[in-house]
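The chains carry the letters A, B and C, assigned in the order they are written, with residues numbered from 1 in each.
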């Protein structure tokens, strides 16, 4: 039984099906680089004989997820859908609405090839695998405009501390030291990046993995809040909304730097900027070169149609395959989920990321550690903190309360 | 009001033949099934469902695991929720006062036997055809400090001119108001104009004979007579205010300063779908519904309860 | 208050009669109206002007100035080239879907609401006012709150993801305000007509079709405008309750407006906005006069 099922899947993933099966795939990748990356997935799927029906919904996960969840619970699910891997789709899996991909994973040896293993763990519920990870995104990057510093006659900062030290001169020159968009998650992201950079790995792990609330309330984290309060001063006068508008301030040399995820480099790339000469990227803010391994994964709702189910499994296998991983991630600017592929075409920043990944300097992402509820509360707190004069001590205390609510 | 009352109660079937109670008016009852179903199943049913699940710890999917008033306790301890309510109250009062007074004054101006009335009216009404997303987008663009009004005035030489309501937590609600009023006052003006046109010419004649000044006639006689119009207006405007969501998302996403333009509907949506905490979202929506009830029940009593005695 | 008959609702303006053409009073009156109109027209002007400029000009110049070099490229891009994920055919993709959704939704919601209003005024039965009050209460419920219960309802009815499910949702959410307007309007139709028809033996539907309908063109126009506007502009229901095959035009608009690639392309956004708003705007301009008449009778009675 088991063997025959396996061979069936193997055959299905290799052989061309006689009839193209249409699968509708929903996602929220609609910016320039993202759409180009999705096109690679669609191309590969269509080439394998099936048909990718694109269901893009713009406006980010906040707009798209309610729609996806409504459709899955409403009994009219799509063929496959993007989620950030972690706890977002956990309940859908527990409710038995998602397709079990364990056989695909075993047939294609996902356990061995997917690196870091935490990615696959995030897809695993009760020992079964329910999602196919496609990329790794890390938010802990500082992006700097080289030109701003050249004009000032200063060396480009090599870490966060140098960046802070140089900020007054940047301000004097009428430029913005730190660009920060108004959307709540951006404040939260900046704080997250500072956590690991300032508090250090041990404290970070104690809080986020072991959920040690004493460390969370302790001196290491007090330092993080002090640093964030400093950063808040540097971001005063930043009046854009979207993250890529903030990135654009750096691209156009109106701002010296921005804390943003690795997806920002897509914007630099589209603007024709070259890593190293036009802009500089510092993973882990240059202090602690650790990156967290969040990212995107595809989930496959149960469709009760054997033909479609076979197609879903074919797509799942395809997403993890080396060719698709290379093509997709080069366009997306994200890191691949397997270490055994050649990404020599990657640019400087991406190579830095790959090196860190290969060195194993990685931590699980917020989506894996905390429930969306805790994250949303932290986001609310952070946006208030970054955009008001809330004392760091007060914010620190509130933050610990929020974490405790998620224990 | 006399004839209204009669209209309300006196038009039932006049047949003399006695019939069983429930079959009387049978076509009307059948015809009203969609309304009854909507009222009971969707509005009442949906509301009860929401209230019930607000006492659970439902996360992504609704489930009946009771937690008592936990969600409410948490809700009222959230700074963001409190600010949302404050913002909505401020925006709501300002918006009501301005739409109703502006709408009324414009209607009075339009009612002066002016030329080109159609043109003026069309101009004031067209924004109502556009969605809030569009409204928000356009005004965000006009209020953009770099390219919009502020930039243009500065380019003309007044370099210290500052008009950037959307990026200042103190003024952002006024920025929203500018856009909200633009979209909605035209419609209110039409309602008011209709009300003014519905008032008997004799009243004006009588007022003139008595030598009452025009403005006084409006305040003392006309406005009280237009009570039904004001009520309809209030229902339409207030229901729009409580639902305020799209405009805020399109213009400010709740910022600046993080919370300066947060509104309750945004809190509900964010917690239901982004935080995947249905229980919390339902608790917040229950509070919103409760406040609607507090306003509506006295009104419904006056409107329907009162008439039976009149 | 005297019964508001049809004729009095439609007579001309009231108030003091104007004396001379250029009296100070008139100068002030028209002055104020013109200033107010500038406030209303400004955004439309900005939208049209911005949509006719190229991006460099948008970034350099004054948003109120007319374009130096007129380009229709933003319009072409918005209509036929802007991308939603992999589908780069702009707004054109959703236009017919919007029509397919709007037409049955408008017809069904108006049919139901007009019958409701008629039954509420002329065929009152026990509890009918209570249902009406609940309906009005329903108009205050934020849509977002009802998303989940309706998903469950539609699933149980087997209508989830179908066009008819969406039509039903639009009818339900259009019902409160429309019923209010129809009810008020019908109450202004002279009762004698109704009584006479009853004496002649006409029943519920007979009176509705032969007396009420022919007399109610203005309020039907009001309902038509409100519904066309509301349903055409809807994004949330269209995307939550249907399949991508039926996604309305506003989904593409949302995608164009919300997926920022580098600098926001304000000119394309504005063109897309205008294109999406075109249908409701045309409906307004064509039927403006009837709209006011209908509102006149529909809103005045409380």
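Just so we're on the same page, contacts are C-beta pairs under 8 Å (C-beta built on N, C-alpha and C of every residue); 3 or more make two chains touch, one makes a residue touch a chain.
Chain identities (UniProt): A = Probable sugar-binding periplasmic protein; B = Sugar ABC transporter permease; C = Carbohydrate ABC transporter permease.
The model shown is predicted, which means the values in this text are computed figures rather than measured ones.
Among the other chains, A has the CA centre that is most remote from the centre of subunit B.
The chain pair with the larger count of C-beta pairs in contact, out of A-B and B-C, is B-C. The centroid of the Cα atoms in subunit A and the matching centroid in subunit B are 40 Å apart. Between the CA-based centres of subunit B and subunit C the separation comes to 15 Å, rounded to the whole angstrom. Residue numbers of subunit A whose C-beta contacts span two or more other chains: 66, 73. The set of subunit C residues that touch two or more partner chains comprises 147-148, 152, 254, 257.
The set of subunit B residues that touch two or more partner chains comprises 269, 272.
Per the touch definition, subunit C reaches subunit B in the complex via residues 1-4, 8-18, 29-30, 32-33, 36-37, 39-44, 46-47, 50, 58-59, 62-64, 112, 115-116, 118-125, 128-129, 131-150, 152-153, 171-172, 175, 177, 179-180, 184, 187, 191, 194-195, 198, 203-205, 225, 229, 233, 235, 250, 253-254, 257, 266, 269-270, 273, 276-277, 280-281, 283-285, 288-289, 291-292, 295-297, 299-302.
Residues 61-62, 65-66, 69, 73, 88, 90-92, 95, 182-184, 187, 239, 241, 371-373, 375-377, 380, 383-388, 405 of subunit A touch subunit B in their complex. Those residues of subunit C whose C-beta lies close enough to touch subunit A in the complex are 83-87, 147-148, 151-152, 154-155, 160-161, 239-241, 243-244, 251, 254-264.
Residues of subunit B touching subunit C in their complex: 1, 3-4, 6-14, 24-25, 27-29, 31-32, 34-36, 38-47, 49-50, 62, 106, 108-114, 117-118, 120-131, 133-135, 137-139, 141-142, 144, 147-148, 151-152, 155, 182, 186, 190-191, 193-201, 204, 214, 225-229, 231-233, 235-236, 238-239, 242-243, 245, 265, 268-269, 272, 278, 281-282, 285, 288-289, 292-293, 296, 300, 303-304.
The residues of subunit B lying in touch with subunit A in their complex are 59-61, 74, 78-80, 145, 164, 167, 169, 252-259, 269-277, 280.
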